[in-house]
Amino acid sequence: MQRIGVFVCWCGSNIAGTVDVKAVSEALSHEPGVVYSINYQYMCSEAGQNLVKDAIRDYNLTGVVICSCSPRMHENTFRKAAASAGLNPYMVEIANIREQCSWIHKDMPTATEKAIILGRAAIAKVHLNAPLMAGESPVIKRALVIGGGIAGIQTALDIADAGFEVDIVEKEPTIGGKMTQLDKTFPTLDCAACILTPKMVDCAQHEKINIFSFSEVEKVKGFVGNFHVTIKKKARFVDETKCTGCGECTAKCPVKGVPNEFNLGMDNRRAIYIPFAQAVPKVATIDPNYCNMLKNGKCGLCAKVCGAGAIDYKQQDQFVEREYGAIVVATGFNPIKLDQFDEFGYSQSKDVITSLEFERLTNAAGPTSGTLLRPSDGKHPHTIVFVQCVGSRDTSGCGKTYCSRICCMYTAKHAMLTREKYPDTDVYVFYIDVRSPGKNYDEFYRRAVEQYGVHYIKGMVGKVAPRADGKLMVQASDLIAGEQLHIEADLVVLATAIEPDKTARPLATMLTASMDTNDFFTEAHAKLRPVESPTAGIFLSGACQGPKDIPDTVSQAGAAAAKVIGLLAKDKLTTNPCVAESNELMCNGCSSCEKVCPYGAITYLDKEFRMPDRTTMVRRVASVNPAVCQGCGACTVACPSGAMDLKGFSNSQIMAEVDAICQMK
Amino acid sequence: MQGMMIARAGELLENGTVTRVLGWQTGEFVYDITPAVFESAEELEKGFVYNSFCGNNLSKYLIQASRKEGKILVFLKPCDTYSFNQLIKEHRIVRENVYIIGIPCDGKTDGEFLKAKGVKGILGIREEGDNFVVDTLYGEKTIAREDALPERCRNCKSKKHMVYDELMGEEGEVLDSHRFDMVEKLEAMTPDERFAFWRSQLSRCIRCNACRNVCPACSCEKCVFDNPQSGIAQKAAADSFEENMFHIIRAFHVAGRCTDCGECSRVCPQNIPLHLLNRKFIKDIDTFYGEYQAGEDTESRAPLTNYTQEDVEPSIVYTRGGNN
Amino acid sequence: MLKLSLKKLDELFAAMAQSQALYIPADNGGQAQYLRWAPGMKMTAALNTVRSAKDFFFPQTEGLVNFKMTGKTIEVIDPRTEAEDFVVFGVRACDARSFSILDKVFLVDPVDTYYQNRREHGTIVTMACRQPEETCFCTSFGIDPTHPEGDAVCWMTDDALYFEAVTPKGEALKEKIASLFEESDDAAVKAQQAETKAVLDRLPLHTFTAEPLGGDVLMKVFDSPSWKSLSEACLGCGTCTFVCPTCQCYDVRDFDTGNGIQRFRCWDSCMYSDFTLMAHGNSRNSQVERFRQRFMHKLVYFPANNDGEYGCVGCGRCLAKCPISMNIVKVAKCLEGELK
Amino acid sequence: MSDRLKEQVLRTSGVNVLKCMRCGKCSATCPSYDEMEYHPHQFVYMVEKGEIEKLMASPSIYKCLSCFACIERCPRDVEPAKLVEAIRLMVIRQQGQNHLKPGQIPEMLDEELPQQAIVTAFRKYAK
Amino acid sequence: MPNEVKAFKPKIVAFCCNWCSYAGADLAGTNRLNYPADVKIIRVPCSCRVNPMFILRAFQRGADGVILCGCHPGDCHYTTGNYYARRRMTLLFSMLDYLGIEKERTRVEWVSAAEGAKFAATMNDFVETVTRLGENKRLEDLRCKE
């Protein structure tokens, strides 16, 4: 039996004006277990708190019930007071007799009666309270950034600059991501490479940053502050530590016809290659699908010409185990496949291209060295049609339901740059809405129209048909003029919708981070915690969380870094003691609780049990990681056997409150 | 079929694939068949039986049996395979230790059901074409097979095995059954009628726990109703509230996990149509959250451990059609 | 012997119900059970009720004592109200015998006053069987279903009911209803008994006997290796115990009403994992042991302590109701086979 | 009146015009565009505004080839062609009184008449 | 003189999630928005903490109505808790209705921390509904009424 003290607060006249506080403390003094009951003007005041502390000592109280304002207001105050008097802070319960009683009722007998019942419920709960200890878990002072695009790079740099170690895992041979493929960036039109490559170099040179290029995350275990990650370093058949990136091998390799993914297959590379000149790390990679030596053991030319002796045909995938305190997901995006959009003729004509391909066609390092030429015949295009919202805002199932957010701006950029470089071209942009809400964005778009004479037409392209003479017949509607247009175009550029990278989904499973139906990572709170995943210790940076342009990505990357720094700056994490706990003896190991846990706090172990008949049996049982559990209680209801309970809000505690409230008296 | 099964089980015991066989054993009468484990060809010859009275769903026994040394052979009827899969999904059965032979089923009856049809003093039963010919103390009686089958078999949901290592006989199909007809009929009643219906049914409950203990979904290490710490433990239904409570919570705990095998209703000594509670949940889940058949696979998320942002609100209960 | 046309059965029930409660076996949702008679209620056509008649004296739940809490004070209340007199009509021979078995448990020292109270207020009117089921084996325990025990006995032919008072309670009842009856000889009853006996000889279990079992073979049977295989399929449910007319184990539980505690007893089943659970744990830890307990109790322990009387009356309910069709006959036959 | 008509069109067609995001792809893809007074996207918008009578009176409804290109291409699953069809049906229903009565049909039947035509005739005129 | 009939005062248990609805209830108090004292609130961390057992328990102990309040779907402090609560309660309520128990005795309402007015209005409406239904007879445990 607990020894409970009841403290009824007047809150000046806030409570005492409507509730007969003396009657309440008198009535509650007769409840089982109550050894002390008192009322006082302001319980939260210094003097009031002292009353509580003194009573705890004088009456050896094991539980405290404060009848006062909302626990959201002063629960912590009274917990601290109890703790200072040597009572476990979780032995304090608050009966809310102000917000939920005195302030809403006018009639004193009614309010008093209700206050007594609320007090009884709190007493009933305290009877079943158990002392709880906040746990501690150490923080490993290193962060992992998954994805080495602009988001990952920025996050890594910010974290490293704060003095913490960061690993970047990038699945491609070089970091840099999509931004390396861009020509210029809106709305200021600086060259993407000029602003990105210095950052890439910074990463490479930063003593706190370690880049795992051509690598993937294989396995993630652990929890916030304490992740254990297995990284797979894919075999590149070149010893990274020896390769100087001189390019001798890539020049001599006899296999020439390999489609170059950096230029989206619009030109070719060799079987051994460095993706582009400013690649970081600047290390060659052998493509085993094309290399003669790896395919049939004949060639070996690259090994011969390599002065550093870096070529290693026998290299295997390597697995590295690392520990981290925090993980940042920065897996980025890809344009969608266009096979559901036959009407635009993407697969029928080389001159129908995606916007990303257009970037490469206008980029000085691209397949045409920056001269805008038709991919089919290498001629200069005179009429270019840009189509927006290809696959975006599409609820028919062919594309994506969301707005891809970046297309309006880059299309304006493309149109503007084309008109600037080639004033003799006619440029049409078909749009549904032009969305330009960023800083200087609308001005940018208006410049395309007003200064560069781009024809913006409200309407959609219905059909692109390649003609025998190489022209593209574009059939479109002009909704404002109310006519159907037929344009003979030389080049059609599709502002293709973007989607999360395909690696994101399996990664989310590994991280137990939740995703939305579009495979974007969900944030812990859409407004208030936009760079955190609901899973503690997992942070989000860039387009993996939703479509984003570069300025937004960089801001989010910095924000994610700030959150990571905040976490790594702590030596230990204090954990909320009101967490779920599984009773192994009753657990069936059915996984229901794990399925509803938003934090991945539940794991399973095979445990040997001694059965009542003295045999042993191995059973799968759930185990809650108190450092990760946030105490929502979803698991407790999912559990059919009642093995899962929530400390501080246990089944018996809540039922005791129910009983006290419903009691017939 | 029985002969083939005995032969094949003997072979598998002989060649060491399995060490035990879980099947059905003959009894005193023609209908009182008991699930049993056989360890030799002789035992199989002596007692193994497979006939129209082998209604027991053997899947639940595998929770214990698959944890023992050696592999066990089990014969599963189509509807038992759903339970098996569901138990695999919940990590309750060690799959590697089980060898499944899928066997066909054209419906199972039992002695109690025939008696409810007015047959007294059953001495023997022959299956003649589509009829059961029952030899009784009081003369011979012929019942059409269709009439002799309990509801769960007349509305069989599937003749197809969801899982097996080996199949005997022809594989069947998932069927379009009318299993929700009675649920719909109840839904169409007024609440007062429904209340009266369920009171008349549940008031007969003697809380023998047969429904729970036979249920493959009710496989908890310790049931909340047996656990004094749960706060809702009951040893006997002391009043109507406890009758309701037990059956509501039991149905809720198996909601989304119940494969609708119908064992609960088969074993109820008071003949309470308990499957109508489970089927209500199944039907609601199908309507609210899309078709879902527990035990169809071992991977999918169960409806109650899943959600969509667009799920219906609980207020649908007040607003949907039908009688209020 | 008294005779009454079946047409006047309702009048008889009305007469019996006039001064006390009357319970008859009737159908409830297709299941036969004892219901308090009300005008219009018909007797069931089923041979016997699903639950036995023991409910009348040993109900499934029964309040023992209440504790009422007001603040910190506790008041102890005896919940018993004086039981009214009642008649149970239509009890079969097997169930009638079960009362004498229960009496041996509850009416020996210390007397169970709850049971005693109900027993004193009840009058048992039994009904001879005409169409036994294949699951019946009461004759194996020396019961004559054509002439059951009871305070009064009835026989029913196609058109008439014959009544014979046996005990003073039966005589008292007879006085209240005699006016409805006419005197008759017992020719019709004799004929019917002969007819029924012929059926009894054809019952599949009519040669079954528990004779080889009993206290003498206790340890031999206790250690039998067969218990494991017999119990292997047992679900551990309480069906057999709850439909059994002689199972008398109970548990005492407290129910917290929010205003106090109601202490009640309820049927327990030795098949349950918490049967005889004590502070130290369970004395029968495995289902094999619990399963063995039930049959050892009925076939060995009970006769050992009660002059050879078995704790089974052969009503056949467990044969019909066990979800996995394991039952006392199968167990006894298996054990007897081993003893040979 | 127009509300009732609109409701009827929406019901017969099963189209939710509110899903339209006014991109005009239906009209961009329409092969009969130049023949039409009102174009596919206008059908959607005018139905939304309830201007059914205008559409019923317009020859546009007969210019639609029912090629379903608009349905195929619409990114929002609006299905403009179904609206056109629904409005055509409403016109036909209105004309019902001026045309055949069911009783007249039997005498007009001949051996050569395809079954399909009979069924269609009943569907159109039986009311 | 007619006997004085004591007006029926229902017992209402309201489970409120700590982050939205409990705060909403506090806001109703701060704004002095009146609702009947028949409503007593139990604080739970999230609507997904509420076990159907609690709801039945309340009825057993004499409650006449039980209402569950949580964050609006999509706003759950724990991201997904109320989605699970929504499914559980939908099915439970449907089952109670199926058993012929008055469905208006149970309700789920999403109340944000800013919706003090909605909280008060919801409670007023719920109390009115339950008062109209009268005493809970179909899911009562008479032992608890002694």
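Here the chain labels run A, B, C, D and E in written order, and each chain numbers its own residues starting at 1.
The working rule: contacts are C-beta pairs under 8 Å (C-beta built on N, C-alpha and C of every residue); 3 or more make two chains touch, one makes a residue touch a chain.
Just so you know, these numbers come straight off a predicted model, no measurement behind them.
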Quiz prompt | Labels of chains that are neighbours to subunit B and to subunit E | solution = A, C
Quiz prompt | Chain separated most widely from subunit C, comparing mean CA positions | solution = D
Practice problem: Between A-D and C-E, flag the pair that has more C-beta pairs in contact. | Solution: A-D
Quiz item: Which integer distance in Å separates the CA centroid of subunit A from that of subunit B?
Solution: 44
Self-check item: Separation of subunit D from subunit E, taking each centre as the mean of its C-alpha atoms, in whole Å
Solution: 50
Quiz prompt | Inter-chain centre distance, subunit A versus subunit E - centres from mean C-alpha coordinates, in Å | solution = 35
Quiz prompt | Where subunit B touches two or more other chains, by residue | solution = 224, 230-231, 238, 304-306, 308-309
Self-check item: In subunit C, residues with contacts to at least two other chains
Solution: 255, 258-259
Quiz item: Which subunit A residues touch at least two other chains?
Solution: 596, 638, 651, 655, 659, 662-664
Quiz item: Using the touch rule from the top of the page, what pairs of chains touch, sorted by label?
Solution: A-B, A-C, A-D, A-E, B-C, B-E, C-E
Quiz item: Which bits of subunit B are touching subunit A when the two form their complex?
Solution: 67, 89-92, 219-224, 227, 229-231, 253-254, 257, 301-302, 304-306, 308-309
Quiz prompt | In the complex, subunit B residues that touch subunit E | solution = 183, 186-187, 191-199, 224, 230-232, 238-239, 241-242, 244-245, 248-249, 251-252, 255, 277, 280-281, 284-285, 288-289, 303-309, 311-318, 324
Practice problem: Over in the complex, which subunit E residues touch subunit A? Could you list them? | Solution: 11, 13, 18, 22-23, 25-30, 32-35, 37, 40-46, 48-54, 57-58, 61-63, 74, 77-81, 84, 88, 120, 144-145
Practice problem: Over in the complex, which subunit E residues touch subunit B? Could you list them? | Solution: 52-53, 56-57, 59-60, 73-74, 80, 83-84, 86-104, 106-108, 138-143
Quiz prompt | Complex contact set, residues of subunit A against subunit C | solution = 30-32, 611-614, 659-660, 662-665
